Amino acid sequence: MLGGGILHGLAVTAKNFVGSFTDPERLVTLGYPEERAPAKENARQFPFLVFDGADPQAGLRCVACQICEKECPPQCILIVKSKTKKPDHLGKPQFFPATFDIDLSVCMSCQICVEVCPFDAIKMDQEFELATNDRFEGLLRHRDQLARPNAHFQKLHPTDAAAIDARRAEELAKAAAAATAAAAAPRKPAPESPPAA
Amino acid sequence: MENLAKNLWVIPLLPLLAATVGTFLPRRLHRVTAGLSVAALATAAILAAAAFLSVVRGGALYSNVPWFETGTLSVRVGWILDPLSAAMLLMITVVGTLIFIFSTGYMAEDPDSGRFFCFLSLFAAAMLGLILSNSLLLLFICWELVGLASYLLIGFWYSRPPAADAARKAFLTTRIGDLGFLVGLIWLYSESGTVLFYDQGAGCLEPAALSGIAGRATAGGLALGTAISLLLFCGAVGKSGQLPLHVWLPDAMEGPTPVSALIHAATMVAAGVFLMARMFPLVALGGSAELPAPALVVMAWTGALTALFGALTAVAQTDIKRILAYSTISQLGFMMMGLATGGPAVGMVHLLTHAFFKALLFLGAGSVIHGCHGEQDIRHLGGLRRRMPLTFATYAVGMMALSGVPVFFSGFWSKDAILHSLSHWAPSRVPFLLGVLTAAVTAFYMTRQMIYVFAGTSRGPDSAHAHEGSPVLTVPLGILAGASIALSAVTTPFRPWLEHFLSPASTPSESGSVWGILILSALACGAGLAAGGILYRNLGVALKTGRDPLERWVPRMYTLMRDRFRFDEFYRATLVKWVGAAAWISAALDQSLGSVFRDLASFAASAGSWLSRTVDQGVLNASFDDGCQAARDAGGLLSRTHDGQPQRSLRILIAGVIALAAGLLFLATS
Amino acid sequence: MPPEPVLSLAFAIVAGLVLGGSVAAVSCRNRVHAGLFLAVALVGLALVFLRMGAEFLGFIQILVYVGAVAVLIVFAILLTRGSDSAHERRSNAPGIGIGLAVLLWGVLAWGILHRSPGAIATPSPPPSMAVRDLGERLLREELLPLQTVGLLLTAALIGAALIALPEPGISPRPSGSHGSAGTETPPSSPT
Amino acid sequence: MSAATLHLLLAAAMFCIGLAGALCRRNAILVLIGIELMLNAANLNFLTFWKYGPQPQPLDGPVFVLFSVAIAAAEAAVGLALIIAIHRRYRTTQLEEISRLRG
Amino acid sequence: MDAPDQIFVLLKHAVVSWFPTPVQPWISAVLSIGAILAVYPMIFALTTVIERKALGRIQNRPGPNRVGPAGFLQFAADGIKSLTKEDIVPRAADSVVHFLAPLVVVVPPLLALAVLPVGRNMVALDLPETGLLFFLMVGTAVELGVFMAGWSSHNKYSLLGAMRAIAQLLSYELPLLLSTVSVVMLTGSLSLNAIIGHQSEVHAGVLLGWNVFTPWGAAGAVLFFIAALAEANRSPFDLPEAESEIVAGYFTEYSGFKFALFFLGEYLGLFAVSGLGITLFLGGWLPPLTVLSWVPSWLWFFGKLAVLMGIFIWLRGTLPRLRMDQLMRFAWQFLLPMSLINLLVAALWQYSTPWPHLLRWLPAAILFGIPYLLYHRAFLRQHPPRTYRYAS
């Protein structure tokens, strides 16, 4: 009948209305600041820099290779390479970023920087409550603000972090083994030393 | 009785309801529509019979009801049941029912027959309303409605250009007459203050109103009653196909044949005669036996001329329906004559008998056409006597009734009564002679048609395979044939029951003169039959030459008759041209209207210059130039007011208003 | 109730509304403003009607003129902009027009003031207008005019719709970027 | 000065203002506005004579006004439709530019 | 007179009687105006909150629940917000007209509310001759305000919104007017009190003769409320402010308090036209059954208003917005013919008073049923049942 569709629709909305009171399954809204939905592991907001150990300055994994700066589609990353070097976790002397700025008002959370980083130094954070009074300076994050301990990363993305940590531990072990071997070499003639020597 | 008069409206309402319901039925249910229409009209016929019987027993009666009121003006309408309307009522419903039944067979294969029956029912309703109305206004409305129905039915096959043209022609031609009718109606209303015929002494046909109209004259010295009557007669002329407005009726044969039978033979065309009969007290106002009212004289002459014209034209036609159409025109002329010379009863009796046998003839023609797959040209027919015996027999009855074969056929008696009253007509004997001549010619052309159609052998492929139609077609023919014969029982001058019924006051004629006229009429008929029989006895041989026997005998006359006395050509050469010219002139005037004022101003200026020239002869040349210049200047000046700038015109208008107001105020205060 | 003075403050206000609105309506450069001022003048006139006790007519006045005619006018103004500039050009010979109008008013005022003041005397019982009486009058004595007006309105409705329909033969010359966006029919979506 | 005189003067003034508008404005719609004002002035006159004038028929004035309002509504509708149609054809509503009869 | 029913009337009389006689009419008027100005905006405020909560529930959300208990003070927060917001007038706008438009939109509904009888003896402005006409007259003035708002903003969305709104208002005014005419015909009066009085006739001992209990009244009420929804620019007829198409329609360029005024005007218009519908068809302040007459009359009126608002909210939560051509076609091809038929039915009802009841309903059923079926068939022919290729 003409108008039957309207009645049908009214019945549907009435069911929803009543159901939202009687059926807790229907009313899924959370009272946000007090109640929060647990974040999904793969959720991402903006990048941060991972550091190992306790000292953000010393443990920073970033070697200022500037790949992410080049790859960033909206060009929100600014990196200034340091003049000096500092040892990385393997003890190798590396450059480090004297300046590492990300403009969060420009960043589009595409995660490309994370994908291209060979050092697992930049990762996506889940922090989204970024409200600030100053929309220019307030959203421009500097190196020290960006640096987060590895523990933070482990908390956010446990699977990823576990894999990365395992790999790094392996590398470290390999490096340690190499170092041990290198340390042992002076005692034995190094087989790999050139015959010409 | 009172009840009957109050509920008379049911009779027209039945077909109207059928038409209304039929309109809304889907096209595929056309059989239902047809059945509804027949049932409605048959029921109406039963009611009509009851009404007729009650009138036979009692007298006339009528009832009026208020229609609408506006301010102090109250318009009332009413129904009347007097012998006149009762007889018409019965005739129309009976003939109509038979024709409806015939149509169910005739139109069975037409997918649009639902529409056909709606129109037919509408027509029947309007016609019955026309008959029953006790108010000239209501009669006029129904009059226009039957005109509309006629238009719709003539143009029923509107996709055929001749049919559409014929429908338009019929509508427009009758409109000319209806204009006169309308003016007459308004005039009558303004004079008598009512359009009701009978209203307890206050109706316009009752003595009080008539005596008010009698003795008053219009500006031209014409009696008021005559003027109004003539205007009403205009309507009758248009509707009844009288000279000179007859041209639409033959063309109207483009409609389906039942339509021709019902509308253009039996009922609608007779409405003009009926109108005159209805208005007879007004029409006959101020006349006496020696000196009839002028309107009646006009009617008699119109009728006489029409009768002869129609008969003569019918002689030379070759379309089976056209012959009948001209015959109808001729017979309508007879009715008018009878009405004018012998009173309403004489004319109406012929109307009623004619309705039966002309319907019969048309239906017979329809049966022939139906049997011969649409062939209408009588030169291609022939020999149908054996193939369609029933049609032949009934057609012969109709033919003899129309020709006025003595004793057994109603047409003889009713025509005889007309001739009888014509013979006593004081002003002139010429109509009588014309009438006798027409009677003879009528017999002649009907004989011709019979021989062409039914005698001999078939002359065309269609007629060779002709077949008799179903009982739906033949039974109505039989009934109508029976009625054509039976009606003679009540129409003879020896026992003129019908005449008495219609007009109790009509004087019985002396038997001596009756016999004389009877014999004369029979002789005329016999002469016509004999002439036809002799002339067309060897039709098959004669047609080998491709010419009608009569054509060989009187070629010029025959051509003239075949071309219908060139009426259509005459109208085309005169009226149509004139109208065209008038339109052209109007257009030209329209185009130059803007300069009319300018021209007027130049005329004025020229007049001024002419004056100056006469005063100053010496400088004639210069002054002429000046005059021209002045004219041109004046024209230019005035043309500026015609520049399509409304505000300038408005300014001048307002200036005039101010001047007018100031002047009026000045006059009022001083 | 004491008889109210002839020239009361209320009358002055509504008369000012009427006259001010009228003057602004005919003199405004901006056409839409002119239409709106027309509405103001007509509301003022409705108030005058109300003050005269013609409640029904006052409301009818607003219903028809403000609700329909003024809206129609501003609508038409919107639909017909585009080619002409939004603001009026100089008036058409304002001197003559205003002169004529002032002259006419002078003549009329002279007539009103001098034409035998006794003739227009206030009748002893001030007339009142019952809506029922008005209806009875319309449907009894004025039935024919009423129906005629009904016919006229129907004809006007149909006629206006027909006139304003875009003629199929004529495609308007392409106007500038600011065409009448509201009147164009949306292209039919392919289905 | 009686109330009737006052109302009549007001009506006359309104009429003349409308007239001035109809005479001077170039835009057809603005001319129409002037005409509406003139019509309403006439309505005011009807009511004035009904209220303050001698009364042969008690409701003559209001009935007249009612009919006049109805007719004015029809006039406005048709007039504006015409103006819109003209505008569609000529791309103008200036009265003096619409001076050709040929379309 | 029982006290609860007349409590406000008595209160007013008591207050007025404190003042000296010459100023009493003024005080009385001021009190009435004050009451209207206080009550209806309050209802407006509550309605907005309830509407938001109900719409939320229909969409399985809780709706506003922060400000005040269960969020019921949300309107206060909104009000304060709009009062304190910056009032922006576009540079190109016609500033005077831009300023006046919200006033022209808000004042008419307030005037209209003044003539509605909200309870026995409770009407601020009683017009015994022309009450209904006044109401309708006032309603038409809104159109001008809408136009002013749309035009003065010099914004194409505003102008489009105003055009839509005016076309819609003009089109739906006809069925609205025609469905009220049937009531006027049957009552024989334009006075709203008389119309309510006419409905107080008792049938079958208990049932009151609300107009909605007659065939023409029921159909008229349906037609009236559909048209009323459109007149008030309510969903599903909210094209003039369709935010997905033309931002906010004719008040796109308004902000702060003026925006709030438009909002207020819209709701006041809705209350007014619903109140009129209650008065015309739903018996005004009359109870439905005689046994319920102990409930105060004003409670009935506002209760009916609340129920209507609930239905309107429900409809808003259910129906999608119409398209412009559908909107127009609906008005001219469905509502208008139906309201004309309704007039006919009302006339038949009036003239068939002596008939038995069943016989009186029959012509109405036929007159409504046949066009309804015809519409149904035409609709099905135009829109045959859809077959969904992917989502079934």
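Going in written order, the chains are labelled A, B, C, D and E, and every chain counts its residues from 1.
Here, a contact is a pair of C-beta atoms (placed from the backbone, for glycine too) under 8 Å apart; a residue touches a chain by one contact, two chains touch by 3 or more.
It should be emphasised that the depicted structure is a prediction, and the values quoted were computed from it without experimental measurement.
K.L.:
If each step moves to a chain the current one touches, what is the fewest number of steps from subunit A to subunit C?
P.N.:
The distance in steps between these two chains is 2.
K.L.:
Starting from the defined contact criterion, work out which chains touch subunit B and subunit E both, please.
P.N.:
Neighbours common to subunit B and subunit E are C.
K.L.:
Across the interfaces B-D and A-E, which one involves more C-beta pairs in contact?
P.N.:
A-E
K.L.:
As a test of understanding: of all chains, whose mean C-alpha position lies farthest from that of subunit D?
P.N.:
The most remote chain is A.
K.L.:
Measuring between mean CA coordinates, which chain is farthest from subunit B?
P.N.:
Farthest chain from subunit B, going by C-alpha centroids: A.
K.L.:
If you average the CA atoms of subunit C and of subunit E, how far apart do the two points sit, in angstrom?
P.N.:
28
K.L.:
For subunit B and subunit C, what's the span in angstrom between their mean Cα positions?
P.N.:
Whole-Å distance between the two chain centres: 53.
K.L.:
Once you find the CA centre of subunit C and the CA centre of subunit D, what distance in Å lies between them?
P.N.:
Chain centres of subunit C and subunit D, defined by C-alpha means, are spaced 6 Å apart.
K.L.:
In angstrom, rounded to a whole number, how far apart do the mean CA points of subunit A and subunit D lie?
P.N.:
Roughly 78 Å, centre to centre.
K.L.:
Considering subunit D alone, which of its residues make contact with at least two other chains?
P.N.:
Residues 19, 23-24, 95-96 of subunit D each touch two or more of the other chains.
K.L.:
Every pair of chains that touch: which are they?
P.N.:
A-E, B-C, B-D, C-D, C-E
K.L.:
For a test of understanding, state which residues of subunit C touch subunit D in their complex under the given definition.
P.N.:
6-7, 11, 15, 18-19, 22-23, 25-27, 31, 34-35, 38, 41-42, 45, 48-49, 52-54, 56-57, 60-61, 64-65, 68-69, 72-73, 75-77, 79-80, 82-84, 88-89, 91-94, 96-98, 100-102, 104-105, 108-109, 112-113, 117, 120-123, 126-127, 129, 133-134, 137-138, 142, 145, 149, 152-153, 155-157, 159-161, 163-164, 166-167, 170, 172-173, 175
K.L.:
State the interface residues of subunit E toward subunit A in the complex, per the touch definition above.
P.N.:
Subunit E residues touching subunit A: 54, 57-62, 65, 314-315, 317-319, 372, 375-376, 379.
K.L.:
Under the touch definition given earlier, write down the residues of subunit D that touch subunit C in their complex.
P.N.:
Per the touch definition, subunit D meets subunit C at residues 1-10, 12-21, 23-27, 29-30, 32-34, 36-37, 40, 43-44, 47-55, 58-59, 62-63, 65-67, 69-78, 80-85, 87-89, 91-96.
K.L.:
Could you list, by residue number, the parts of subunit C that touch subunit B in their complex?
P.N.:
92, 96-97, 100-101, 103-104, 107-108, 110-111, 114-115, 140-144
K.L.:
Per the contact definition, I'd like the list of subunit C residues that touch subunit E in the complex.
P.N.:
30, 32-33, 36, 39, 55-56, 59-60, 62-63, 66-68, 70-71, 74-75, 78, 130-132, 181-182, 186
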